[in-house]
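The same subunit A turns up in both complexes below, where it pairs with subunit B and then with subunit C.
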Partner chain A sequence: KRQAISLLASQTSSAPETVVTPSQPEDDFQEELVIRPLHSGDIYASFQFRTVWDTDFMGGKKVSHYRLFPKSLGQVISKFSVRELHISFTQGYWRTMQWGQPFLPSPPGAELWVWFQDTVTDVDGTWKELTNVLSGIFCASLNFIDSTNTVQPSASFKPLGIGNVTDHRFLRYATLPREIVCTENLTPWKKLLPCGSKAGLAVLMKSEKLFHSSFHSQAVHIRPVCQDWQCKSTSWELRQTLNVVFDLHSSGQGKREWSLFKMFSRTLTEACPLASSSKIYIDVTDNPQQFELSPATPLLSQAVVLGDRRTYSVYDLTQQATFGSMRSLNMLLRWKSSDGDMMRPLLHGERYVAGYGLQTGEIHTLMYNHHPYRAFPVLLLDTVPWYLRLYIHTLTVTSKGKDNKPSYIHYQPSKDRVRPHLLEMLVQLPPNSVTEVTVQFERALLKWTEYTPDPNHGFYVGSSVVSALVPSVVAMDTNSTQERPLFSSFFPSKEESSYFVRIYTEPLLVNLPTPDFSMPYNVICLTCTVVAVGYGSLYNLLTRTFQVEEPSPGLAKRLANIIRKMRGVPPL
Partner chain B sequence: RVTRKRSVDKAGQFFGSGHTNNWAVTCTSQFWFNYRHVANTLSVYRSVKRLGIPDSHIVLMLADDMACNHRNPKPATVFSHKNMELNVYGDDVEVDYRGYEVTVENFLRVLTGRLPPSTPRSKRLLSDDRSNILIYLTGHGGNGFLKFQDSEEISNVELADAFEQMWQKRRYNELLFIIDTCQGASMYERFYSPNLMALASSQVGEDSLSHQPDLAIGVHLMDRYTFYLLEFLEDIHPASTTNMNDLFKVCPKSQCVSTPGHRTDLFLRDPGSVLITDFFGSVRKVEITMETINLTSPVEQVEDKPVDGDLQRETHSYVDQLPVSEIIHQKPKQKDWHPPDGFILGLWTLILLVFFKTYGVKHLKHIF
Partner chain C sequence: MKVQGLTIQENNMGLLSDPNRRRALISMLTRLNAPICVVCYMAGVAWFMGLAFEPFTLRTYMSENAMGSTMVEERFPAGERALATGREFAAHKKKVGGMPVDWLVKTMQSQGLEVFTQRFSRTLPFPDENKERYVVEGTNVYGILRAPRAPRTEALVLSAPCSPGNNNNQAVGLLLGLSQYFRNQIYWAKDIIFLVNEHDLIGMQAWLEGYHHTNTTGMDWSPLQGRGGSIQAALSLELSSDVITSLDLVLEGLNGQLPNLDLANLFYAFCQKIGVLCTIQGKLQRDDWDTASGYSHAVQTMMLMVLKQASGRPWGDHGLFLRYHIEAASIKGINSFRQYKTDATTIGRLLEGMFRKLNNLLERLHQSYFFYLMPSLSRFVSIGYYMPAFGLLAVILLLRALDLWVQLSALPSRTEDGIADIEQSGPGVLSVLTPLVISHLTGVALYTLPIRSQEMAVEHFPVFETEAVVLTAIAIYTAGLALPHNTHRLVSGEGTEQGWRVLKLVAVLYLAVLLGCTALINFSLGFILALTLVPLAAFITPHVPKLLSALFMVLLSPGCTLFFSIFFFQELQETPVNLQEGWVLFLSVISQGILDHSLYGSLVYPLVALLVYPCWLLFWNILFWK
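Up next is the complex of A and B:
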């Protein structure tokens, strides 16, 4: 039936006397919140806000009327010819082994990766301007992104939107592990939403509660998506996501009982009026043995996400009945027992620095494959700053004690003060094993003006990125057109037997040999003293003439001398 | 004649103050134990926002992050008083320069407007010759200097020269400079540009002291001068008529232990006639006119081009995220062949010339 209608539509449009109404391109806004209780007692809340707009930023006609899509981002897209933009700000590190896999992974600090259109001639110049503009929009120090921390991955970070061009010349990736996330980043992020923080799910975003958590990550993802199932034309999608993990002991007061009010200090009273769908999903796969959920809701939905089939209780905020007689919605989850295991995540990564002293060291990256019998390939991307000089001849990749040769290696050496090291490897991880990648490095001595004001804190090395297609136990949904909750439709899945996963390891903190910054002052003092005492005394000795001086005579002798002068006789 | 003088006076008052207000607030200290400097800056920021200056007209510089610092027992908050009544950080703060971006160079560039062209608007001081600017500095200071980030200083001479540059480039109408550091009065000694008024929390040779510590947070929360300044400003509302003379009386020696000082000799107007809201608020003078203005006819709506038949368009698809076979067979990028450099060419020409000169041209036929 759908096909018949579309044929009819195409017939009418090809008729010569077509009346085309200059209608406003359609835009659509959806919001959702997913709450997933974790086995450690913490609770994971993930907000997603999606605006889809059927307009063409790249076309000749300048877009001037914005409704749901924020104008600041639309202008950035058209001015800098951006095809895809992904920016995330994260505070904390995602603990995969305790919490499972996140819906949207992000590394600690700030991360920005951008695909430009193939019409851009000077990608580096456009990248520099883009980072400056984004630093103003998000109140972050993104202007510290320059050629010393930007890389051009050759195989990772393929575009997440639709398109045919994958020339990696138009891709830039940078990360700032030192970047702090606080309310000043959340404020402009909230202002990008159509309803702001006044209505809908965004009223829950109070910074005092959001930052009092183990993990906080906010991100903006812009990409072109299919307009409909035929995928003949594209529309622009903007996703704003906020992931937060509340700690059982610091903000939960140790009691395994969570409510919306306890997490966010707010309850919900209405959906965003501009949203076409506004839903809350609570993961109840372990219900009713594990915990009790109130108020109960009859709506249940199943979704396959991250290789697992989960059941969700759905609260539809666009229905008045959800809010009940009190006109406010506050869900309560109470644990009954703490049995049961979490499904072990199949892929996990770790990274640390080994060695001693301030001259050399070794970076170890470990990748764990917990699948009992399937091996799968992973792509490891490592960006190391230039002041850690890597010795690539010492690079070893071992699995289960044996050497594991990567099927693809791309290494771009660093240039002092110009670009960082880039190492990309495609490694096959054997089943149920640990793969260790080690490389030795030497620390460089920086010029004294290049040190930060607090150099004894150390220097950060950005997280490694591990991208993999992990085999899935449950058949993944490859149909990208039917109505799916937002959290399961971010990564496009092309095949049913595996799903795409991106893991970030810990960032490293290394100490570089730090000089004593008071030395210039000490040297000046010492030099001046030596010059004054040494040279001064020598000069005096060489150039001083000595005159013998008679001591002044006594009073009687002086009187006698006066009398003798008067007499004309020589004095005594 | 008397009436005319009064109306001229009134008109003088009407146009006496600038019509836009931009200002910069700076805190120059990092490390957790300098929590109070950030609290100082945020409390002044908060008062000014409350009195009407929008974020687009405020350049806020915080050298370190206290609110989301891991040592802060109450994240995303900065308190001014140990009873934790007032969270000066708030929910709506926008910091323009933070962390390592707060340097002497950036501060002077913001003041003088000499920023690189790619700097976003929120990081610029877009003032003109009708703007009243308020500059608030706090941190650690000494006789003639202010410490930035514990590693560099700005001297009073540099600051005075920066203000002179601003005057010559017509970047301010009137400027109020407040400084809360030890020996703060030394920073305004060297000013020489007109229309500057300055306030400091202590005289040369005196230290500015902090107000009170909080045992839960573990550090001193605010400095005395700014604490009483905040108390004074909390009573000001956009329509109040308090003038600068009241501001000079804030924090006398009995409360502050140091002697606050001020300098008004470069200011053209009498401080008694200058309202607090001229600098701290964003009160705009509005002139009502009875004329009607005809707006031009609205822009013609450009019609969308008729959509081509859907069947001609190509189908788009999502890109494979990890195309293993494609990656393995990805050939390394061939570097483009460039013709040899001029130097290399010249060198080879020289070598060949010398060879043939030495051994004679008859060998040429053996080569080619």
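Up next is the complex of A and C:
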């Protein structure tokens, strides 16, 4: 198999480069779709749209003329002095063991992390305002981000753009694991594109198909990047990504055959006219053993992505020839056989709650290193809401039955109703092993107004984040960095023999002790009765003076007393 | 206003503040103590029997809005194919001679499920003769249907046991048929776990412990590789024939725990909708509640539930889920001689409907009752209705305690001064403490010795291990009758009038607390124990005729209660047994009880051995007070 790849590589390197990038002085827009057939028969489609603008939002002068870059986001950047902004909305959980690594990982629900400029003085206030503004832009419940779910990770989220500020005082990270993503979030996201959904690849984004899938994730990443290789001036990069996995059984009707039309119920007729490049990549690394592709394309491209050298068939939409005589592109992928093994992802994580009962529990986080002989360190970030009171003394890290001492631990305890627990650890994962991190917790009893409207559903604990430099399967080819496709050039990778991977574990749903909310009525009745009967009689007993009753006075004495009373004299 | 309030309070509580009236009340309670107790007992029993009378019960209704109002359409088409899969499974099972793990894994994988296996092993404390097993090793196979666009936080479970012989093949077939059908649907919001468990409850216990990473019973299992988040509900399917006449719903779980009533309602609603005959305790419901036979039918159904619940054992594979706060029930297909048959497609559609409704749940099932009795599938008795029956029995104990208290405070007043009183109370404490300690030690022996001494017993007597355990238990139980009484004489010399009263006061209050707590957790067990223990607690004194009372006490002891309950249960199930068979059943029930405790953590055996039996011994002690 390795031979086949190298053969292909030699073929493509000799092929002439036909991509022509029109030079744009100010701003530039590129669009791209990667389709990766998965071993399970499912299919993974990943859209990336990149707008680069050579401007400076921070330079003091007000930027008012927008062309390709969306104005709403530009204003946000300048108003809140944002240096880097990453936001993702995901519906579903990325199944690493079935699907391999995604190009851009994201946790279920909404995730937002922002680096602010070091000129910002009140970071928390700016963060609060920013979340509210973004909530409006993306029609999402980002306004639920407050101090109880915001953390400042010390090591896990480094800036991805240029700049050397790494003081994590300017970083804010928050997830909303319960956020539901739907068409109402897709529409504002599509509106940020220069062509909207009128032309180009965005035509394929029909929501009834995108949400008829196993996984749906959309994201916006803004960061400053170098303008050229000399890196004398910066430009702003906006990447919009959308990842979707279509299910073989429910949307493919069980047939191992996919086409653009079957996936998106649309075909392509043109590129976005504003785009400098518009391409479709199809991962054909396993071709022709596994599946066939039609119409065939002469363009092949090599890329090392996620530590693996992959070969892609490229369709350039800016070329009229791509669309053929039908004037529409609807390529078809047909599997020939369903056998063949998937390369096991080297890193994979899992998490669950152990124990039963509503008092205590234990969070288990499992990290698998599937590399046969190399150990590598990972950074684990755990954010746990305050209502699960972590017993940090019970924290254990074990691999292969032995205690595995983390080389770095950053723990910030929670404050009730103010901030969550933050636990960051640098753990060395031995080769071919499972590392288990366990910590016990106690479930807090909330105040009755703090329960959500559906308290018996449970409370969410966001995904833990595992970031790692995973040893690469193939040594990375350093020559081709300039011409690399977009999906492979996001995370900067310093060491050539390893690549950066971030994985998210599943979020947890934890039941807290929940009162019966019809109870207040019963309690009121009960307390009233107890107070009336119990307190009344006790008070009566305590305050009454007891004396032996005298035998009743005679008639004469009583009469005399009545008369004395009328006279106002004390009775006899 | 003030004046009025005062008078009301005086009327209310004047009873206690006014010494004269207090005296009058107390003297009335002591004078009429026996008649009041008798009336309470009768009323308690009558109340309980009245619970099954239809006009006194409530009709079941769906409380959970997420399941009640939503529409579901059942479309499962592939019953015949499911049965064919079941036959294939049976063939593979026969070939392998156990769980066909590889075949199951391959089948589930081909359907697009994530498949995992779990190995487990367990050595029983002594051989289980009912199921003929001692060292149990097995594998559970489960496949997870991942819900599209769901973050793996919630799951539902459908399980079918892989039983020895020809049982439950159809259940596994239907499970696989459903998994195939469910996999192609887009509407799932929760992961669905299809579990085929080997060695019925032991496998289920291993799987649940693995899933929740707990180990309460010392079982060996391999950790699970795949999970689906917190399990919201589970159904266990038992089906041994291609067509059935009715479906039986089993609710009673470990320690008498019951699933939320909405789960039973859901089953009933779908049976009504699809037109399948449904039963509970194997009894159909009848419309003629106003006739004697109709009423007795309801009583029988309810009594069966009470007896099953009191036994504290799981009556189906679902029973172990309840510990983890997962609502679960077993559905058993019954094929009798009735004319009208239901095919597998219909059962599949019923299960599909139930799962789709459970899938719609936004919260865990919590709206309806957790404590109830069911005289029929469409009628229930809630905790508020059945608790007074127990309360009427329990109040007898309190009345007797009050009576004793009054007698105790009246006794010293007959002596000349307070000094004698204090002198008497000194040995009084010791004379109470000694029987308490000794009877509890007997209880501890009853709890620990049977399993520990089995090897010794097997060496010295010609019995098997199981028999050894049971017979040791019975021997210790019987020996306890001879052992502890009159021990107080060792420490305090001659037993005094006051001595036994103090002991009885303690014993009566002890029993009241014990029964009260038991009834809160497991009403049926508490009620049955109260039914037998309360009368003897009420009347036992050293002055009643010894021989007759001793016989009476033995007959009402917890062991004999169990013995009678077995006959009663068999009678209710319409499989009456004679004395010989009853005895054999009795022995096996004891061994099952001990096994349930060590395998699944059932609490009935330790409760009886460590608390109820010692408490009964205290009364035995009082009877032989000298």
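By definition in this document, the second predicted complex is superposed on the first by the 493 of 572 C-alpha atoms of A that agree within 3 Å, B and C clash if a C-alpha of one lies under 4 Å from a C-alpha of the other, contacts with A are read in each partner's own complex, and residues count from 1 in each chain.
Keep this in mind: a residue touches a chain if its C-beta (ideal position, glycine included) is under 8 Å from a C-beta of that chain, and two chains touch if they have at least 3 such contacts.
Since the structure is predicted, the reported quantities are computational estimates derived from the model, not experimental observations.
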| item | value |
| --- | --- |
| Which superposed partner A:Leu508 touches (first subunit B, second subunit C, both, neither) | second |
| Partner chain(s) touched by A:Phe211 [first = subunit B, second = subunit C, both, neither] | both |
| Contacts of A:Tyr408 with subunit B and subunit C, given as first, second, both or neither | first |
| Contacts of A:Gln91 with subunit B and subunit C, given as first, second, both or neither | both |
| First (subunit B), second (subunit C), both or neither touched by A:Asp454 | both |
| More subunit A residues in contact [subunit B versus subunit C] | B |
| Which superposed partner A:Ser467 touches (first subunit B, second subunit C, both, neither) | first |
| Partner chain(s) touched by A:Arg327 [first = subunit B, second = subunit C, both, neither] | neither |
| Partner chain in contact with A:Gln230 - subunit B first, subunit C second, else both or neither | first |
| Subunit A residues contacted in one complex by subunit B, in the other by subunit C | 91, 211-212, 454 |
| Complex contacts: residues of subunit A adjacent to subunit C | 40-41, 91-93, 95, 97-98, 108-109, 177, 211-216, 247-251, 253-254, 350, 352-358, 362, 364, 454-458, 460, 506-511, 514, 533, 536-537, 540-541, 544, 546 |
| Contacting residues of subunit A [partner subunit B, same complex] | 6, 9-10, 13-14, 18, 20, 22-23, 61, 91, 128-129, 132-133, 135-137, 139-141, 143-144, 154-155, 158-164, 166, 178, 180-184, 187-188, 206-208, 210-212, 226, 230-234, 377, 379, 407-408, 410, 426, 452-454, 467-469, 480, 491-492, 494, 500, 517 |
| Subunit A contact footprint on subunit B (complex, rising order) | 30-31, 65, 67-68, 74-77, 87, 89-96, 98-101, 118-123, 149-151, 301-307, 309-311, 313-324, 327-328, 330, 332 |
| Sites on subunit C touched by subunit A in the complex | 9-10, 12-13, 16-17, 19, 112, 114, 146, 148-154, 183-186, 212-214, 227, 229-230, 323-325, 362-364, 366 |
